[in-house]
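Remarks on the structure that follows.
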């Protein structure tokens, strides 16, 4: 069984200051990290590898910044790492390229993705499933393979209220499954990613062949496949925080309920 | 000239930083107050290769050289000097003497368990009457048949109470003394006649247990000689030379943590209607700290590079330990000042850092001894040999 | 009768490059959320001279009252994500939608993504604002990134332009029960292509989170509290799924353990919501808690420093306030 996990390097928010008043994002330290949900997706794949045996292939777009994400994944236990030579593709182009990669690789039974990218909000899971004609299971906090099916657990309170726990008592978690091949989207509440053995980091980085590179042509992508659809028109900002606003008890109760 | 660390080291630091921030720093206060580092934590360090950073992969190490090891010590000490000291004594002097001079059989026998954290190592040189004057050791090792019998006492031994394998220097030929007549033995904790004292009650490093070791006629098979018979003093001195580099790296982490705390507090605390960051005296202190730390960082990593590239490094290693320990103590002392009363609170990390840092000026050769080492290297370059 | 029927009557080719109208799809969400989408779609449709369609299982009269011209009712079997995708994709093959809006629920996001892929359109999820450029016939969508630290403004260079919209993005629309509209059932395709199977409740306990990483923290301090009200605070914390904590004074009063003290001399926290009842909020405490994204403060003294860094403030004794708050939650 082969599992593909796409990884997206994103700017580390620890090095960023968002100034709402000036309407600007200041980048003090330009560090990149693997998108947190993607790292949980990788952990889910590695657990399946540990339990059931599987080949785990990670892929990222490059050339810039992606090497660290890929090599870290190799150090954590991924068997192959593929760098697709397309610089910062949007959601549409990513989906075209990843679908083409699956065809190029041949036997990919399961794709595990992070449910959304912290830096752009892109969520490739459903689209990739559609492009590949695979089943889709979203919102997973746990993922396993039972026989010929992917099985996931979805937290009861995630549906309908993304990002935050509801003040209402959480409904029970539910299990879902779909026959392979499938795409599973893992949330940031998925299993805590493992730390790689330090020696594996050294080995991965010193292995000249740790990363395989593929060009759009290798994947049979045409120019139209590489046309982005999402066009960034700028940034906007939440209103500045206002401190000291007086509120009634009812306001407080409703604020607590909504946050 | 290239001052970039190769990317594998940056990646290694990222991983170590994350681990230390998530798993060690939150426990640092508990470690200090309880006087113990949980064995599971050491186990965990072993699983990730932290306990064998400079050693080859085949022994479960990382194969990351002295540079990788310095990164580890810097990051560990930034989070918890107690943990850093246990690890430093384990890797930097304990396993290191086995690795530098031990036979392949001995390395195969002990290193995998030591690198994986199944076993912890100690380095036992100091005796009640032999501190700075290490050559004055009195512990005896007498040959009877195929075994040596070790008799004597070691003192102030880091990891003493928890070590499973102890590298110990004893006189095999008292007539020759330490130089030529001392030998290193690897001793296992279960062996009959070996016992340890109660942990010393120290000013700092409360989580790093230090104790007396008693050897009452402990039988050690000949195969457990580390290095060559009679040349144990050389083995131990070589080990200490390398150890000083990573000790310097550890002090760098301590100083860095103090600087970070100051910068943060300077922006957080307001008096006289403004952040104390706006007081020039605070700015000067922070600037001095930053400058000294940057100089230390350059020295430490250059020296680690000298080690990894097989160049002479003894003088620079002494400087790492000397400059590092004094820089750290000075920075932490100033940091306490900038934090006011909070700096003295046992609920805030600086009070602990203050106590923990002081020891670096004493162990692994006092700073006076470091100055002697540096001076004798300098004088040797112009043909003058200083007597020990 | 809408434009598609006209085209059909006149034998026009609907394959032509004209994408039309605004479509709101409501899959099993509260009408309130859908209503605000309908209201916004109505406003945009009036600027563009287009129609508003509502696709959903809800009350069609309501949808019309909130702005829909035409309601296409979805059969219950088409509400599951897979089925909704098949049904909508089949339906949209002949009617090319220009703009499609979904509520930004997990299901909405999933179906919107699949649909964008099938129809070769574009999609932006979790939008909090939409701005229509009627001459360019384009919507620029603001959607949060980095957990809402700021928003990206994104436009789509393909049609249909699909958006999933967060609750509260638009004001509740006026309800006009006099509006006219038509309703027709939407056919479900013979093969719903359902692949995901629900297996029912699962045994899952989320991993324990430490106070340091908690998403919600409810903390008490000495001011205006007593041991009884502190205990009520603990109940509130449990009820709202928050970690219970306090400041140094609460520890001194014996209401919390040492590892529950929030502050630089205790645990430093950065929750999404921090609720402090009876906490003065001086530097030591503030520096350990000000990473909180939203702060609610209750304190008897209006001069308490905590009010200068709290988003929502109530001057009052927690002793009096907390029991009432518990009852309200």
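So that you can tell them apart, the chains are marked A, B and C in the order they are listed, and the count of residues begins at 1 in each.
Rule of thumb we're sticking to: a contact is a pair of C-beta atoms (placed from the backbone, for glycine too) under 8 Å apart; a residue touches a chain by one contact, two chains touch by 3 or more.
Owing to the predicted nature of the structure, the values given are computational and were not obtained by experimental measurement.
Novice: Indicate which of the five shapes (line, ring, star, complete, other) describes how the chains touch one another.
Specialist: It is complete, because no pair of chains fails to touch.
Novice: Two chains share more C-beta contact pairs than any other pair here; which two are they?
Specialist: A-C
Novice: Where the centres are mean C-alpha positions, what is the separation of chain A from chain B, in Å?
Specialist: Inter-chain centre distance comes to 40 Å.
Novice: What's the distance between the Cα centroids of chain A and chain C, rounded to whole Å?
Specialist: So the centre of chain A lies 21 Å away from the centre of chain C.
Novice: List the centre-to-centre spacing of chain B and chain C in whole Å, with centres computed as mean CA coordinates.
Specialist: Chain B and chain C have C-alpha centres separated by 53 Å.
Novice: What residues on chain C touch chain A, complex-wise?
Specialist: So the residues of chain C in touch with chain A come to 29, 81-82, 85, 104-107, 109-114, 116-118, 121-126, 129, 140, 142-158, 195-204, 206-207, 215-216, 239-241, 272-273, 275, 294, 296, 298, 307-315, 321, 324-325, 328-329.
Novice: Chain B touches which residues of chain A in the complex?
Specialist: Contact set of chain A toward chain B: 67-68, 71-72, 75, 195-199, 201-206.
Novice: Any idea which chain B residues touch chain A in the complex?
Specialist: Residues 6-8, 11-12, 15-16, 18-19, 47-50, 53, 57, 60-64, 68.
Novice: How about chain A: which of its residues touch chain C in the complex?
Specialist: Going through chain A, the ones touching chain C are 13, 16, 18, 20, 25, 91-92, 95, 116, 118-121, 123-127, 129-131, 135-139, 141-142, 151, 153-155, 158-160, 162-165, 167, 170, 172-179, 182, 189, 192, 227-238, 241-253, 255-257, 259.
Novice: Would you pull the chain C residues touching chain B in the complex into a rising list?
Specialist: Where chain C meets chain B, its residues are 210, 212, 261, 264-266, 283-284, 286-287.
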